[in-house]
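Structures incoming, each one as structure tokens.
Each of the next two complexes has chain A plus one other chain: chain B in the first, chain C in the second.
And then the complex of A and B:
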């Protein structure tokens, strides 16, 4: 009796013990920093007198003042618009290419598919910073093969690191790095479709294109939703690529993307309070977008099931 | 599942009855997909091919010869790079291996115990804990990294190896994958049988369940390894002593200095090549084991 009771206690306590490391790490490196960021965002430094000596600089309650400042800061709004424009290029192009390549890989009688699949997936192994660095050199007029070819053809050579082309150049880095991974995710779920489905469609006289459009794409819709979701989040958080390109051009400001602005405010200006407020705003926007999207995807799934 | 597809396929067949393919066409290579994929492959290999060629050029050749014309300076470039600031480049590579290797190992261990607990046991607060851990995925890294830096500064831990390692050990994505995989790979009968033999819960986990979880854990390890190796933001914020830099941050600082002195360009290019080679080699070896089925499995459930 006693040993049986002890055993059930052991079973009951076990999951909590197993989860202890994760819980501890979560508390220290997720919950505490988030709480601290919230606390900071509601405070500011008040300088008394000349700001000399101890106690001259005091943390005081700022209410929502930091938030009001951040939201009315045109630089943050501009950054958000820049990232939106960037995302409007990256996400459709990257996922469109990923879907296209995945469907092509899944076609009958395609040659050299293992080689192409590996080559397209390869950029996933290359750090974003190094990818940005490689492309950055390829954009430099002195080094670029594009400029070389355009020069030989006598065509005008656009500055790839300025103005409108800069968006395309930055987007290209993200598309290059992300297409392969998304292709593999979509391709894996294409492989999971049972072969009988296609046999039946072929017997009904469907062409490859019709099979792709009417069977394959609807059946991999869940993985498209997933890749779309992760791509959006990654796009909102763009930081390393524009930061890496900065040494190569004067057109990228230190506050080009909202996250760069957070970094600049915190470590460039040393104003951790307004940096925290901006960070919280970005986090809230990301969370609202994520949950809104997941909810929409879920309710669509339920509708599909109900049908 | 297949009935859905059949239903969807039927109208397609009805609307276009004239597209039945004859047997002779079956033998041919599918030209459009093959060419499209090869173009995609070419696009993805272009920068890699460029860096291979560019690293062979001496500083003068870099700016004077055609982009894809090989140069004569590869050995000198490697020598210059190794000599740069007393061999700091190789220190960066070693640091990256340390951060990624140790970090991924610890991260996999934490994911394994957490995923196992969430998949096998029924207990109060299970879904709450799982959802809270998952919410961590949605947190933009900068939001976490800035307060993490400020908090670690209070305990004098910034600019240390620990400051880059510790925040990356808990991976919400790793916990998620470990849970999904455990639920699929470890049958509850096996756990029950272990209890019948009055094995302790830890023993059941470490002796019975863990071996069954290995393929899933390999995936978690590889994901984390690549994620930490590619990480830039956290070391960028945490570290100021370049002896502790990982390769990404090291190359970035080299490029930053290089923008004023183009002589350093050849060092950056050679450094980028040498940094990419081990990753590509690792990638070619592991892509055989890499079970991305796990990912699409996660999509379905």
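And then the complex of A and C:
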């Protein structure tokens, strides 16, 4: 009896033991930093008098003050709108191109497939900052080969780092860097479609185009959802491209995107507290948007399955 | 900036997280004093954070000479420049692990003191103030009896121009700002494709220096309150002047330190640059093809016959409250910035323009920078210019003012709109930040 009971105890305890490392790591490297950020976001610094010398600064409870400040700051909303505009260009163009390339690579008649695949994927391997620097040089009027050619042809030369073209220039960097990755994801799931599906389609007299539109695209829909999901998150977090291009032009402010504002608040103005509050807001919005989208996509799938 | 290697020190950033540091960081009283005396009796090792090039070689001279005798060893840890280092120091201080010695720009001192990072070393450096011009020394005391750092380099501003191109276009070197504007217009008339210079919104230090020259005092103490005068009459004058030039297209409006700017300087598309004494270093990397074609002249004046200049950059070496050997650290900092041998090494290894008055006319600077070999009396001229450097007045949130400058003036320069409005934005943002933090602000 006793030994049997001990055995049950041991078995009961085992799952917790196995869970321990993961829980510890989760707590240390995930929950704790998030908790600290939340704690910071609810506090602020208060200075007395001239603020020079000892004890002049004190951390005090701020309640939701930092959140109220962040939400009422027009610059944050403007930044969100700018990023929305940028995302409206990046996501459709990037995913459209990725899908197109994946479908083209998946046709039987394609030549040099491994080379093309690598060539399209390669930009993804280049760090975002390097890519932004590279394109930045190409955009600058005095250095740009585009401008040189346009100038020689006597055509007008738009300023690629200002106004509307600025959005296109920024989007171009993201599309250039991200298309390859998304293409690989879609392509992989295309390869996973069993050959007999195509065979049956061909026997029924489907053309290549019809196969692509009626069979391939519906069957890779889950990976399209996934890539869309990743792209939304990446867009909301855009930081390194505009930050790298900022010194090159007067048109990009230090708070162009919401994340740039967080960085500026924390390291430019030294106000970690409001930076933490803004960061929490961005995280919540990102979660709501991306999971909202996932849910919507899932429920649609289920409906279709039910049909 | 990612594109040019600059010797100058970048604007200060951040007042990062600031928790009052508490007991571990007592400055010059009680037990910590005993500690340092005790530590002094044995060999002492000091950590020194700096971004100036070649500083390890200068420290070697100390370690082999005077340092060996005093049993004080200095270990140099190379850091990123200016703004990033301020953030790093504040973070380290919060953890109670700031190094013994740090390099800090003049305008960062108030921020660091306000975060209780720097030790008052007035007791260790008596008489050292005589080695420096009063305008410079006042910046390390913040106008108080305390001494928070020893000045290392100063950066008096000057006017740099392409001697050959000025001759080619028949331009005179402007002595006043009115003449400067006229020169810009003349050049545009002779060759519309060229610009005298640009108004750049990406380095607030330049604008701050120009405002100083005009007599601006951005931060002053009024009893127990801070007074912010960023939109004072002097600065307004400077803003309107540059805004006017940009508006009438007499000068360019694109930022400095970009590949395009480098090219404009290198090919002679821009033929002048309002800069500081460190300009030869920047020009060497930005415009290598123009070696020997530039010349330096005093900054144009607001009133004819005057000879006032401002500062753009310059830094100090400070001792932190976390240091267990403050006296030893102060001793090294003093040696580094006043001893003739150290100063000579600073010039040779670091390419620094020393703040110490004696060094500015001394042997170390007897030879002009290589890039300016056509102007053999470069440093004699520089010392002459430096004599009349307008004092600077920094406050505890220079970082906020500087950031706002970049955005507000960037926008104004781009739209060629009213610079005065941008200046008001800068003033308002700075005051609002002070108030938000709880500082008392005098209206």
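FYI, the second predicted complex is superposed on the first by the 275 of 307 C-alpha atoms of A that agree within 3 Å, B and C clash if a C-alpha of one lies under 4 Å from a C-alpha of the other, contacts with A are read in each partner's own complex, and residues count from 1 in each chain.
Definition applied: contacts are C-beta pairs under 8 Å (C-beta built on N, C-alpha and C of every residue); 3 or more make two chains touch, one makes a residue touch a chain.
Everything numeric here is computed off the predicted structure, so don't read it as measured data.
Participant: Touching A:253, do we find chain B (first), chain C (second), both, or neither?
Facilitator: After superposing on A, A:253 lies in contact with chain C but is clear of chain B.
Participant: Go through the superposed model and pick first if A:162 touches only chain B, second if only chain C, both, or neither.
Facilitator: A:162 contacts chain C only, not chain B.
Participant: Output check: A:46 vs chain B and chain C. Expected answer is one of first, second, both, neither. What do you get?
Facilitator: second
Participant: A:296 in the overlay: touching chain B, chain C, both, or neither? Say first, second, both or neither.
Facilitator: neither
Participant: Touch check for A:77: first (chain B), second (chain C), both, or neither?
Facilitator: So A:77 meets neither chain B nor chain C here.
Participant: Could you say whether A:142 touches chain B, chain C, both of them, or neither, answering first, second, both or neither?
Facilitator: both
Participant: If we overlay the two complexes on their shared chain A, which of chain B and chain C does A:58 touch? Say first, second, both or neither.
Facilitator: Touch partner of A:58: chain C, not chain B.
Participant: For the overlaid complexes, name the partner, chain B or chain C, with more touching residues on chain A.
Facilitator: Of the two chains, more chain A residues are contacted by B.
Participant: Once chain A of both complexes is superposed, is A:266 in touch with chain B (first), chain C (second), both, or neither?
Facilitator: both
Participant: Examine A:131 and indicate which partner it touches, taking first as chain B and second as chain C; both and neither are also allowed.
Facilitator: Only chain B is touched by A:131; chain C is not.
Participant: Both chain B and chain C contact which residues of chain A?
Facilitator: On chain A, the residues that contact chain B in one structure and chain C in the other are 40, 133, 136-137, 142-143, 244, 247-248, 266-267, 272.
Participant: In their shared complex, at which residues does chain A touch chain B?
Facilitator: 7, 10-12, 14-16, 18-19, 21-23, 25-26, 28-30, 32-34, 36-37, 40, 97, 100-101, 103-105, 107-113, 115-131, 133-138, 142-145, 148, 176, 179-180, 184-185, 188-189, 192-194, 196-197, 200-201, 204-208, 210-211, 214-215, 218-219, 222-223, 226, 233, 236-237, 239-240, 243-244, 247-248, 259, 262-263, 266-267, 272, 275-276, 279-280, 282-283, 286-287, 290
Participant: Inside the complex, what are the residues of chain A that reach chain C?
Facilitator: 40, 45-59, 133, 136-137, 140-143, 162, 244, 247-251, 253-255, 264, 266-272
Participant: Quick one: in the complex, what on chain C touches chain A?
Facilitator: Residues 1-3, 13-20, 27, 83-84, 87, 90, 110-111, 113-116, 142, 144, 201-202, 221, 224-226, 253-255, 257-260, 263-264, 269, 396-397, 399-400, 403, 406-407, 410-411, 413-414, 433, 437-440.
Participant: Flag every residue of chain B that touches chain A in the complex, lowest number first.
Facilitator: It comes out as residues 1-2, 5-6, 8-10, 12-13, 16-17, 19-21, 26-30, 32-34, 36-38, 40-48, 50-51, 54, 62-63, 66-68, 110, 113-114, 116-118, 120-121, 123, 126, 129, 132-133, 135-136, 138-144, 146-148, 150-151, 166-167, 169-170, 175, 195, 198, 200-202, 205, 226, 229-230, 232-233, 236-237, 247-249, 251-252, 255-256, 258-259, 265, 268-269, 272, 275-276, 279-280, 282-284, 287, 292-293, 295-296, 299-300.
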